[in-house]
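Several structures are given next for inspection.
The two complexes that follow have chain A in common; it is paired with chain B in the first and with chain C in the second.
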Partner chain A sequence: LDHGSALHTAAKDCLSSVSSQDVPAERPRAIFHTSESDPAKHTEHHEGRLYNIPLEEVKAVFPHGLPHRFQQQIQTFNEARVMVRKPALELFAYLRSSNFSHPAVRYVIYGERGTGKTMTLCHVVHYCSRQGWLVLHVPDAHLWVKNCKELLQSSYNRDRLDQPLQASVWLKNFKTSNERFLQEIKTQKKYTWGKRESTEEGRPLGEVVEQGLARVRSASDAMGVVLRELRQQCHRGSFRLLVAVDGVNALWGRTTLRKEDKSPVSPEELTLVHNLRKMVRNDWSGGAIVTTLSQTGSLFKPSSAYTPQELLGKEGFDALDPFVPIPVPNYSPREFESCYGYYLERKWLQHEKAHTEDGKAELQFLSGSNPRQLDRLAGPL
Partner chain B sequence: MAAPSAAGLGRRLRAWLPRMVQVRWSRYSPSYLEPEAKKELYEKPLEELTEEEKEKMELKAVQPIKAAPPTLSSSVFNDPMISKFTNMMMKSGNKVLARSLMAQTLEAIKRKQLEKYHKAPENEKETIECNPYVIFHQALKNCQPIIGLSNITKGGKTYQVPVPLKDNRKRFLAMKWLITECRENKHRRTLMPEKLSQELLLAFNNEGPIIKRKHVLHKMAEANRAYAHFRWW
Partner chain C sequence: TLRLIYTTTAVERKNVGASGPEKYTEAFIKKQIEEFNLGKRHLANMMGEDPETFTQEDIDRAIAYLFPSGLFDKQARPMMKHPTEIFPEQRKIQWGEDGRPFHFLFYTGKQSYYSLMHETYEKLLSVQKYQDQVTAQGLPLQKEKRNLAGSRWLTKIELEEMLLEKLSDDDYSRFIQLLQKLVALPCADIEEKYIQKFSKEVPVQLQKVVIEPLQYDERGVAFSTGEGTRKTARATAVVHDNGTGKITVNGTDILHYFPVLQDREQLLFPFQFLGRIGKYDMVCTVSGGGRSAQAGAIRLASAKALRSFVTEKEVEFMRQAGLLTVDPRVKERKKPGQEGPRRKFTWKKR
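Right after this comes the complex of A and B.
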């Protein structure tokens, strides 16, 4: 295996510690793989390596949330390999040492375009689901503030607008990922959905979700109820709650939606956004809030903006303040070697020149070690 | 860089014997040298250069050099056939779009072949070609006609005369047929990369509408064999 000197020196000190775990039962995997598929056991020794998530687990934990290109990659390679990187390991350390009787700490993952913020969030979601937390994963908050075909006036509050389609899609995916919790958690209040439909106190939360899926008109309200119940019951300690929001800057920006009289809709007037804002406040305890900033889907933000101040604006920053910022940089030389070696091993880089040193140097230069650029460049090669 | 003067042109026109008249001309004067994109030539140390290479390097220090065209690249992944194909796909100068379509096509071919590769049993794995460049080149080669037809007017009537084709013309016809096929004979909602990758894979296996068109051309040439003697070149 020729992966350059950088990996060889790193490999020497890693090999001794890792070889005890990576006992090759089948043929020995390459140096950039690790057989440790439990994120809880990932340490700095695993940094820069790729770990495998079994495909059934991918379907259960990530019904939504993985980037589109990664999903295509899973289908082509027939496996889901995620790289272990420093920001994720940092987050694991914080989550392990957090005190759950204190209010929930907010973590904001930020970085330039294509550096791996969404993948870091997915790694954290996988870790928390393996630990048995209840994961509230919002795959992209930007989808709730743009391109909505149906906007209904909310029956609960006259001023607000409902989004039945988005809410029902989210409820369906929430149900897939958190089946067992929905039977255990019980409602604490009676909820009336209409003239003849209501959910009594003490019924499992699964019924609220079913109600939202069956009656699409009340899906947004069902989602609000779910969020409220989870927030109120989390401090008891029977379950831990992880709120994972991708593209949290959508909650405080502008929308491209319009009401029937063509007046613009501001985010507070949307039920989903209103409820999610309450969720992201740190007035509840017993879990953590991990969010990602995203310029890619954002509205009315320049493409060079990536810092929290720029993307959240004054309102969002004040709402999220205080938070723990976690920057995600481009690939380090070791991570780049790892990614390049993985593409070679999976036969993704088919061009003859891509196997040479010149080709590798050119890829590194053209992509600037940016994960997304490297993926886009390696596509046609 | 001065244009040929009117007097010189007139002199040439007056005494017109079968000499060559300049048709294509360049704005550059003859002293301008071509730009060199290959990195290897610059990385060689002084001792390894031969006499003529040393002279060329000295000349480059003094003589002006033409501007590099946008197609000239020092990348190791540069392929002239792919560049030519991309240029032919381009519409109204939108090279960015044409290039991204080409990249998506190559990626689509690679994905389809890799999926087939991973699902195939061990003994068949070597037969499946996954390199999109190899598939592209082989498909174009399979689409190239050997013989073409040319319109020759004799005695007031125009005949379709079978004629040998030059290499450039063969390559051009293959690429042109591929592009027109992918633009016209597809569903309104299919995207170009999808259709192109499909056609390239079919042509790689010697199937598909473009190979059929090539065969039709060959049959027409065979049918018009009688007029072959009309050709005078």
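Right after this comes the complex of A and C.
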């Protein structure tokens, strides 16, 4: 290929007229970026553009939600730029027009690998947190059904198994993202954690969370308590609840965990999964449930599966039915251009050919306008 | 008295020096020819064909049918050919009953070669005489250039076969020089027949590759097809004009069919070379081979299809870039006594 490319450059010199390959003039930032930081004000006009999230907000709103590569990108560029895309705008329209006295509507974001489902979910989470909702963000449900070292038998229910580590991690992040709500919401029942510890009625939820963090053994139960309280109090209308689950197909698939007698664990036997399933049922009102399907972390599913039917399986599909499906496609030409322009502007693409029109066409061809492929391609360049 | 009870074959085998190639007598050859003809008639009878009109091709087909063989070497398979093709021609005895040789140049050792040289030189002299006559008469000398491009002289091996005796390289080059000298004379046309005995037609080598014209489908969009192979993969590509750069392989998108970047780069190469990345649509079908072989096959197929869309100069550039050449590399065969095609077994000193 080197031989070919050397000849190719020679041929290009011969063939094309000697046009000066001048670097395109500095395009004004306004074309690809928008200074609109508030997702609430994003409209079709902003479609294809990137908006900035201040870093403090990122730490507050997304302690645990963003994809790993995006976090690396934030560190490299020292700013968090998210693209406004059509699926997200669709969701905003639905959320704005939804009636909160009806049971919560479920939205399932699906699409092929690497098209931006998690980023769309994060965009929605940002929007809701700006609007003042209480956000229950589960970064990846797959983490709860695989690679768990410690499984405790639950004290609450003999059949179920606890996962103290995952639960405590999640509680910590939940605390960071929803500080103020934890003081406002009060418990409605008395909960006994053990022989000597209990939480009285009327105490702020923050105490339950502290309890879960302090006594790690009861972290899963603490999480269950938190979820139940939020579910029961949501319909009163004092706050809106957004349940954002990434990789929801993990709740109904299989797990790779085994009990001590080497028998496989089914998802129902895990406390975390059980509670989350109750959350995702639409028997409560006053909020919305936005979920994403993910093949990447899923277990025992072929890599070409991306539709809800395939990834959720019959059980999951019946449980989530009815839902509003939201497909996320690859980049449109406009979105591709703005992503490419952003990389150029931040000097991420160092190769001299990458600045040319041909380079752009090559990148588009090789990545197939898939956001993840483009990101991986642009890395070494 | 001693009686021989037991002998070994080593003792029985006398120390005979290696004799030359077997000599076939004329009677033997005649008998072989008769047997061949009889056998031909028998074979025709067996196959149910007419014995009178049974040609050599029919014989070959019949033998291949009756004795199927999986051997690779064609000459190792059973064959039935006329004895003159099988038994090499041999020189008859060159001397009579009284021991006196027939040819006057016998004692030179290479009688046919020297007689040939003498003949050719006589022709040369006669041509020169004719030339002198013509100039004496004042007529202009005809200059018709022989078409040297389409003909070649006989090779040394062919000449040896013709003369039935061994030649050295030196002898051969001297003969060719003499022939060239003869041909260089302006009036060599009179000896044309003699010269043709020693020259052969060479078919025109470079067959111009025909570039197919564009075809147009119902909507009026131009398209063209190409085929490509690599290792064991066979691919066909249909390139449509006025496209967006979308490529479909066996019904799926290239991102799904070729998850590896390297394969997609291979597909990109012809378009990138011509500088027309987003202009064409392509639909391909491919089968056989592995992932890399399929990518190479589609690359070749698309390059061949793109020839119709592109000027001749660009076709030449593509050919020089190696986009239009079939890659001849295939898996090499494993040899016995070795672990692989080249790798030998581990060598142990003891």
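Quick note on the criterion: the second predicted complex is superposed on the first by the 352 of 381 C-alpha atoms of A that agree within 3 Å, B and C clash if a C-alpha of one lies under 4 Å from a C-alpha of the other, contacts with A are read in each partner's own complex, and residues count from 1 in each chain.
Convention: a contact is a pair of C-beta atoms (placed from the backbone, for glycine too) under 8 Å apart; a residue touches a chain by one contact, two chains touch by 3 or more.
All figures in this text were calculated on a predicted structure; none of them were measured in a lab.
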(Q) If we overlay the two complexes on their shared chain A, which of chain B and chain C does A:G313 touch? Say first, second, both or neither. (A) neither
Q: For A:N78, decide between first (touching chain B), second (touching chain C), both and neither.
A: first
(Q) After the superposition on A, what does A:K347 contact: first (chain B), second (chain C), both or neither? (A) first
(Q) A:S304 in the overlay: touching chain B, chain C, both, or neither? Say first, second, both or neither. (A) second
Q. Thinking of the overlay built on chain A, is A:G379 touched by chain B (first), by chain C (second), by both, or by neither?
A. first
Q) Where does A:E362 make contact in the superposed view: on chain B (first), on chain C (second), on both, or on neither? A) both
Q: Give one of first, second, both or neither to describe whether A:N370 is in contact with chain B, with chain C, with both, or with none.
A: second
(Q) Output the chain A positions appearing in both contact lists, the one against chain B and the one against chain C. (A) 358, 362
Q: Using the touch definition up top, name the residues of chain B that touch chain A in the complex.
A: 75-77, 102-107, 110-111, 114-115, 117-118, 130-133
Q | Interface residues, chain C side, partner chain A - complex | A | 245, 253-256, 261, 264-265, 268-269, 271-273, 275, 277-278, 313-314, 317, 320-323
Q: In the complex, go through chain A and note every residue touching chain B.
A: 72, 75-78, 347-348, 350-354, 356, 358-359, 362, 376, 379-381
Q: Mind listing the chain A positions that touch chain C in their complex?
A: 1, 3-4, 7-8, 11-12, 14-16, 304, 358, 361-362, 364-366, 368, 370, 373, 377
